[in-house]
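For reference, chains read A, B, C, D and E in written order, and residue numbers begin at 1 within each chain.
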Amino acid sequence: MAEPLLEAVDLNVERGGRQLIQDFALRLSPGQLVQIRGSNGAGKTTLLRVLSGLSRFAYTGSLQRTQPLLFIGHQSAVKTLLTPRENLLFHVTGEDFGEEREIDQALAIVGLYGFEDVPVSQLSAGQQRRVNLARLFLTDRMLWLLDEPFTALDQAGVSLLEDRFGQHLSQGGAILMTSHQPLRTLRPHSEVDLSEL
Amino acid sequence: MAEPLLEAVDLNVERGGRQLIQDFALRLSPGQLVQIRGSNGAGKTTLLRVLSGLSRFAYTGSLQRTQPLLFIGHQSAVKTLLTPRENLLFHVTGEDFGEEREIDQALAIVGLYGFEDVPVSQLSAGQQRRVNLARLFLTDRMLWLLDEPFTALDQAGVSLLEDRFGQHLSQGGAILMTSHQPLRTLRPHSEVDLSEL
Amino acid sequence: MQVNSGQQAKGMSLPSLLLLILRRQLMLYARKPIEVVQPLLFFSLVLLMFPLGIGPSAERLAPFAAGALWIVALLANLLAVEGIFRSDFEDGSLDQLLLSPHPLYFLLMPYLFVHWLTTGGLLAFCSPFFAYGLSLDTTGIPVLMASLLLGAGVMTIVGALGAALTVGLNRGGMLITLLIMPLYVPILIFGVAGVNAAIVGQSALPFLSLLGGLFFAALALGPLAIGAALRIGADN
Amino acid sequence: MQVNSGQQAKGMSLPSLLLLILRRQLMLYARKPIEVVQPLLFFSLVLLMFPLGIGPSAERLAPFAAGALWIVALLANLLAVEGIFRSDFEDGSLDQLLLSPHPLYFLLMPYLFVHWLTTGGLLAFCSPFFAYGLSLDTTGIPVLMASLLLGAGVMTIVGALGAALTVGLNRGGMLITLLIMPLYVPILIFGVAGVNAAIVGQSALPFLSLLGGLFFAALALGPLAIGAALRIGADN
Amino acid sequence: MWFFFHKLGSPPWLFRISGSLLRWLAPLAIIALLIGMSWGLLFTSPDFRQGNSYRIMFIHVPTAVVALAGYYVMAIAGAVSLIWRIKMAEVAMLAAAPVGAALTFLALVTGSIWGRPTWGTWWVWDARITSMLILLFLYVGVIALYEAYDNKASGARACAVLALVGTVNIPIIYKSVDWWYSLHQPASIKFFGDTSIHSSMLYPLFLCIAAFYALYTCALLANMRVEIIARERRTKWVKRLVGEAV
């Protein structure tokens, strides 16, 4: 079987003096979607930030990533002073989003056609979120870590995203995501419930 | 029938040069729950802000409110520097939340028992949201305008909130809310779909 | 399940609400004990730059003492005032404030007061020490304190208006703010001129009364303008 | 449905990414007219204070001009540096930056450069006018500009470190001042000394080379410390 | 060597050792101080220029000297904690900050008290005074930064970075300030000038300095012990310790 994109062995995470995650192990291979569930405050975001490498000091255990990953967190990482197009043109992640043409295409896919040049501060909550999600249609990263990707999205937006997830998996990508509502069309390869840990 | 808590007649709202809402009429009486639906960018938030009186210049039409209302928007209106208890003690809305005892009770109800004195910046997204929602268990306002109250909440949180809604309606309150996922237990008195307008 | 008694209540009285907001602002300002002394350290640090830049000897420092203290007041004001409504706007608290049934004019007072207190007010109260360190002629100190207190008041209101105009990140507001900022100039000039007058033995009264006039005018009209600006910002 | 070709791509080369971030920072800066004007306004406002303090006569102003200009440059830097990473932290862009596969050391350069350009650079280029206003001996002006450019570079890097250390705690400029001001001291001293040396006809080279040394040392090591501080802040 | 480092890294060991160290160092410090003070204050002749006011030197000078050394203790501890990830070094750094700040403050106060009779003013922008003031700000900066963090682990790391940067800068600051002062040849008073301290004052002064070093060490260790207990409160050995105590 293909070597995993992400591997964690006996991970222990402590936050604010509380042991959130104990002896956690995960092996994420190409084509796999793993969904993390758990009540508010269970530790999903913390876990994702540890696995992504953003949180370097909060954990003990071994962690392996073979390549740069894509992380989308609670904050939309969108600059409200810029327009959607500018936000995708002038990103800081180092992905190659290609030319303006591709970017406009992606914006059209996420339903922002006609809003390319409107300052993001004048977009609705969901639209702001979509600006960020357009990145999923442009990125070349294979490993995705998504924290509540469906927040503020309407029904259409959710299924659009799920379709994209399916395509990404079929292209050999891997997804680790948290969500409070169950997926509609996709079946996760495995589920992790942090409340039980 | 009881005189309405909120009444709007041929409301027209324009935003960023686009006519979002046309000849909109609404009559919200005690005990009624009205749900506003619509795709991202349809104008739900805009409508709520107009009806609440926060947006004074964006609309034409007649609007009547008989008493101060409670509004919860996309932002959680919580100060991350303060603790949950302080957030409810030192609020700016002018509601009477009563003593520290009641506030701690409310925090316990929304599942923040033990977090009363933790700075909100150290709470999870859903927990921060819950701090704000604790207000619903303390307020004396009858008319509630809620914009996506379920965001970032886990399943348990959603049903807790729905129970509270039911109780509020039975006490003669009225609720106007937006939500992307349909309600579970409650049946809205009527639904407004802005996409169709 | 509801904690309070369910029946219609009338909310909170204005005075108690003001007290609440006052405590809130103070707490947000100094969450931890050490943050109470931070402004004092800030003042002394900025003032330290003057001997280092101009020279240690009294006769070099003295003429700048008044100006230096006023510059610190201005700096403290500019550093803090931009954020006076920012976080409340970003986290939605501002909406809640605007929805309160009480008149906005009064609700803004705690905001302004705390900002004034932690910039000019505090500086004025410890200005004698700083004045000593900068070897300002002692005859100037009372005038210095008075002018700082009044001037900081005007600066607070002017700055808050600018902050309110820009809070919704709308361009128009920013441009208007650029028109407002020059209002700082007369304040500083009157303040420093007053102190110098007192030192050379002339009466500082005209300058102080000018500042006083500005202050009360600002206090009477400023909050109205600020409130209007905030409503516009919230609508944007 | 995916717009790009699906196959494994290797992302963007470091130089083009740096260019991208540079344009981004410049654009964000340009979208806020306030930020463009505030340092200059502050500069001129504060320089107004000095003639007030000691009277407009040239021979009295001249000896203090260098010190005055330098103090103001320092304060203007202080005023601006607090926000260098703030918004990126709050909207999550900072996380994205930290996750980029390229070395953080280089990714920080555009941030530092734009800040340097918009504070020190800007002030250096306008300083001749202000110097003239303070009747600084013209022989000092080239040295003034050079020292401001170098000094602003060091101040930018030191200030950015302070901003990075405090990015996680949404706190205003007071704490940052306390952290970085002591480190500004040598810069101020060398800068002023250099200009004064030039005026009295001595060589300013030793001072400029001292500033240059500080600058390159800061440039070599500073970004490492800033990067480390940002990672700590992001983990908070 | 590594073994020793490892030991240093272990809280219980450090706690025990520091305890026994304190047990004899503290009395020693007190005694040395008492001797030095009484010697300096009672058995030395008045200064020909300053009369008796100079006697405050026996507090002022030691505090000033030790405060300076204290910053390096703090900074080096911070560096070690960053480089070798030794938690106890972190503890030492955090414990050193308030002690050093207090000493610096004392030096400033005693100095300005001394200044009143000596030059008839409480404050002068002398080189040493100025750099002492800056040192105080550096100390308070570390304390304030740590206090500002809710997440203490991150706060400690941030302080270590700051302290490290501080070490690099302290010599530069001192040199620059000294030399800024010499540039401006001060008009009025001469300070720390050719007043050669008479040896009869020198010996008690050295004794006082030694005593203050000892006191500093005691305060540092005591502070560290508090921090260690606070950090390790959930561990078995602390619980056992408390059990014994109760």
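The rule is simple: a residue touches a chain if its C-beta (ideal position, glycine included) is under 8 Å from a C-beta of that chain, and two chains touch if they have at least 3 such contacts.
All of these numbers come straight from a predicted model, not from anything done at the bench.
A.B. asks: At the chain A/chain B interface, shared numbers over all numbers used: above half (same) or below half (different)?
C.D. replies: same
A.B. asks: Starting from the Cα centroid of chain B, hunt down the chain whose centroid lies farthest away.
C.D. replies: Chain centre farthest from chain B's centre: E.
A.B. asks: As a test of understanding: of all chains, whose mean C-alpha position lies farthest from that of chain A?
C.D. replies: Greatest centre separation from chain A goes to chain E.
A.B. asks: If you tally the C-beta contacts for B-E and for A-D, which one comes out higher?
C.D. replies: A-D
A.B. asks: Measuring centre to centre with CA averages, how many angstrom lie between chain A and chain C?
C.D. replies: Computed value for the inter-centroid distance: 43 Å.
A.B. asks: How many angstrom lie between the centres of chain C and chain E, each centre taken as the mean Cα position?
C.D. replies: 37
A.B. asks: Please report how many Å separate the Cα centroid of chain C from that of chain D, as a whole number.
C.D. replies: 26
A.B. asks: With chain centres taken as the means of their Cα atoms, state the distance from chain A to chain B in Å.
C.D. replies: 28
A.B. asks: Pull out every residue in chain C that's touching 2 or more other chains.
C.D. replies: 35, 38, 41, 45, 48, 52, 55, 87, 90
A.B. asks: Going by the contact rule already set, what residues in chain B reach two or more other chains?
C.D. replies: As it turns out, chain B has residues touching two or more other chains at 74, 80-81, 121-122.
A.B. asks: At least two partner chains per residue is the criterion; list those residues in chain E.
C.D. replies: Answer for chain E, listing residues that touch two or more other chains: 134, 137, 140, 144, 148, 150-151, 154, 157, 177, 180.
A.B. asks: Within the complex, which stretch of chain A touches chain D?
C.D. replies: That would be residues 52-58, 68-69, 71, 73-82, 86, 89-98, 102, 105-106, 109, 137-142, 163-164, 167-168, 171 of chain A.
A.B. asks: Would you pull the chain D residues touching chain A in the complex into a rising list?
C.D. replies: 1-4, 6, 8-12, 17, 20-21, 23-24, 27-28, 31-32, 87-88, 90-93, 95-102, 107, 231-232, 234-235
A.B. asks: Quick check: in the complex, which residue numbers of chain E touch chain D?
C.D. replies: 82, 134, 137-138, 140-141, 144-145, 148-151, 154, 157-158, 161-162, 164-166, 168-169, 172-173, 175-177, 179-180, 183
A.B. asks: Residue numbers of chain A touching chain E in their complex, please.
C.D. replies: For this pair, the touching residues of chain A are 16, 57-58.
A.B. asks: Where on chain E does chain B make contact in their complex?
C.D. replies: 150-151
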